[in-house]
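In the two assemblies presented below, chain A is common to both, partnered first by chain B and then by chain C.
Now for the complex of A and B:
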């Protein structure tokens, strides 16, 4: 039986418990066991925290990785930012002097990082460890929905070209029974970091053109593998509506779309916590399961 | 004299998501603020076409900013070939701002001095925090080879 240690990060338990629930439902359906990482902390943020305090940031990441090592399975990361942070920490901790310095800090907590945990992104796990047939077998409620995919910047920290990384989410969306809407701005950032620095600029140069392109493509929904992008794409639609925009597209985490297609009821997934019309859309399309 | 080991930034638009993290990292490293208006490089995005580019310093061999500086505030660090500004010598005339064909130097009004890329003393933060590796640090030798692939032409 496949077994993964789940790393939820902050945004999912705090803001999108529906994604956590979907993860548990989807992996159970696929016959994989999910193990919780007790005592984990923020990853932390891959850019801002590291900029402000590199050593503290690395120690937090190393602590999370050391906790995962004790459980002896692959670490399944459900958030793009967490994935990049942990992968970069792993790279930095390959330096023996750095590792010794950080381990001296972890020793106070009875922990040690040795470098044996394998950090894996959700989309990689779903495409590398499960054959398309295994996912297809579980599709009990296929809905012909046209979906625009947004992969997200932090998922692109990889030897693969960004265009190939983007294709992974698109292929997964197709494997889950959907039609992918090509909108031409797949690579564009959701605008979350730029909003921290300059909200108006982010909306004008990034988010509005991206969502306009999605709308023009005929997509009925948006999917992403990143909870922060999900938050950003939803909350900016709310802001844009106040400025007169008529864009009102439901945004789903890919795990939520998978759970729906696997036959789970939109009524019990917690979709009402979305700021986009995700629940209304899911209920209209998938209905209430028996 | 050209130094083939000189470190340079190279930008690949096909990898850029226009997230602006490079500018944020730059402004934080140099001024301890997250302010993309205070970055020493600029992400340029055309909202209509989605086309993007990054205006970054090339630390040119014949640097226009250095030549234009009337006080010698702009100088080349001979060990690293980095073109730098000495703020104590800068009189704020903005000649470098006008001279640079890429538009890299900018005037910091509060300090009364011009600012430009200094490659973060050898560890450029823009490249370090670029998730898709659209900005990378390479040496001049590799720059020539890669520019032909990315830029479609030769800079020889």
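Now for the complex of A and C:
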């Protein structure tokens, strides 16, 4: 049986428990065991905290990785930002002097980072460890929905070409029974980091052109593998509506779409915490009963 | 990685407090205070005949980080100096290395930092209507409270997002534990995160943190 240590990050358990629930349902359906990483902290976030306090951030990342090492399985990371932070920490901690300095801090918590944990992104695990047939076998409620995919910037910082990275989420979306809507702005940022400094600028230059393109493509919904992008794509639609926009697209994490297509009821997934019409859309398409 | 031999010849006035060499062609030197920059630049310019590549400035809520980047026979040397707020003046090195003049002007005009000793007081880059706006500096100031708040929330809740009653209710309604397996909920000692923040210098750089985060 496949077994993963799950790294939930902050946004998923605190804002989108529907994604956490979906992860638990989907991996159970796929016959994989999920192990919680008890006592973890924020990765920390790759924008504010790492920018302000690099040493503190690196120590917290190393602590998370050291906790995972004790459980001796791959670390499955559900959030793009967390994935980037932890992989970059792993790289920085290859330097022995840095590792020794950080381990001196972790020693007070009885922990030591040795570099043996394998950090893996959700979309990579779902495509590398499970054959498309394994996913197809679990599809009990396939809905003909046209979906726009937003991979998210932090997932693109990889040795792979960005176009190959965005294809992973698109392939996963197709494997889950959906049609992918090409909209031409797949590589554009959701605008979250920029919005911390200037919300109006981020909305005007990044998110509005992206959502306009999605709408023009005929997509009925958006999917992403990143909870922060999900938050940004939803909250900006709310803000844009106040300025007269008529864009009102449901946004789902890919795990939520998988859980729905695997036959789980939208009524029991916590979709009401979304700020886009995700729950109404899911209920209309997938129904309420299981 | 062994440090280059010239490190032994660095003048004491440069006040190098730490050095790291992550690769054979990259050297970072941290200076203890801005006063050391003249001696450090003098050494690299006059003794080492190094070329000044550029100077960059990075603003955080508590300080400016000034980075002088030099090419010393193929080794990229970065002199890192912290200018703690509210101080707003940094020694110019234009008299030692004229190439610094224009770069210091960029930082002066974009961040509003005064480079003491830079030979040209007038703006060279921004037009008159931008003269007093210091455009880059304005953007970071609004982040100050958010950064402090972010770090305080991580220390208190282990997360950048404090738990809300609504989310906890939805979680338990789905048969999930109200609290995720985050520290401090699933952590034997809540104070460990604060201890890491103290050890890494974060607490001393964020004076409001102790009050906000508690211990």
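Throughout what follows, the second predicted complex is superposed on the first by the 288 of 290 C-alpha atoms of A that agree within 3 Å, B and C clash if a C-alpha of one lies under 4 Å from a C-alpha of the other, contacts with A are read in each partner's own complex, and residues count from 1 in each chain.
Here is the rule we use: a contact is a pair of C-beta atoms (placed from the backbone, for glycine too) under 8 Å apart; a residue touches a chain by one contact, two chains touch by 3 or more.
Worth saying up front: this structure is predicted, and the values here are computed from it rather than measured.
After the match on chain A, would you call chain B and chain C a fit or a clash?
clash
Of the two partner chains, chain B (first) and chain C (second), which one does A:148 touch, if any: first, second, both, or neither?
neither
Is A:188 contacted by the first partner chain B, the second partner chain C, both or neither?
first
Should A:273 be classified as contacting the first partner (chain B), the second (chain C), both, or neither?
Once the two structures are laid over each other on A, A:273 reaches chain C alone.
Under the stated touch criterion, which partner chain does A:51 make contact with: chain B (first), chain C (second), both, or neither?
In the superposition, A:51 contacts both chain B and chain C.
Identify the partner contact of A:198: answer first if only chain B is touched, second if only chain C is, both if each is, neither if none is.
Both partners, chain B and chain C.
Now for A:126: first (chain B), second (chain C), both, or neither, which partner does it touch?
neither
Go through the superposed model and pick first if A:42 touches only chain B, second if only chain C, both, or neither.
After superposing on A, A:42 lies in contact with chain C but is clear of chain B.
So which one touches more of the residues on chain A, chain B or chain C?
It is C that touches the greater number of chain A residues.
Based on the superposed arrangement, let me know which partner A:14 touches: chain B (first), chain C (second), both, or neither?
Second partner only.
Would you mind checking which of 20-28, 38-46, 56-64 or 200-208 on chain C runs into chain B after superposing?
56-64
Considering only the contact definition stated at the top, list the common interface residues of chain A for chain B and chain C.
The overlap between the chain B and chain C interfaces on chain A comprises residues 48, 51-52, 196-198.
Show which residues of chain B lie in contact with chain A when the two form their complex.
Contact set of chain B toward chain A: 14-21, 23-25, 28-29, 34-37, 45, 47-48, 50, 125, 129, 131-133.
Which residues, counting only chain A, touch chain C once they are in their complex?
8, 10-11, 13-15, 17, 20-21, 24, 36-42, 44-45, 48-49, 51-53, 55-56, 59-60, 63, 95, 97, 104-106, 108-109, 196-198, 268-270, 272-273
Flag every residue of chain A that touches chain B in the complex, lowest number first.
Residues 46-48, 50-52, 84, 153-157, 161-163, 184-185, 187-189, 193-194, 196-198, 201-202, 204-206, 208-209, 213 of chain A touch chain B in their complex.
Write out the stretch or stretches of chain C touching chain A in their complex.
These residues of chain C touch chain A: 20, 22, 60-61, 139-140, 142-143, 146-147, 150-151, 154, 158-164, 166-167, 170-171, 173-174, 176, 180-183, 186-189, 192-193, 195-197, 199-202, 205.
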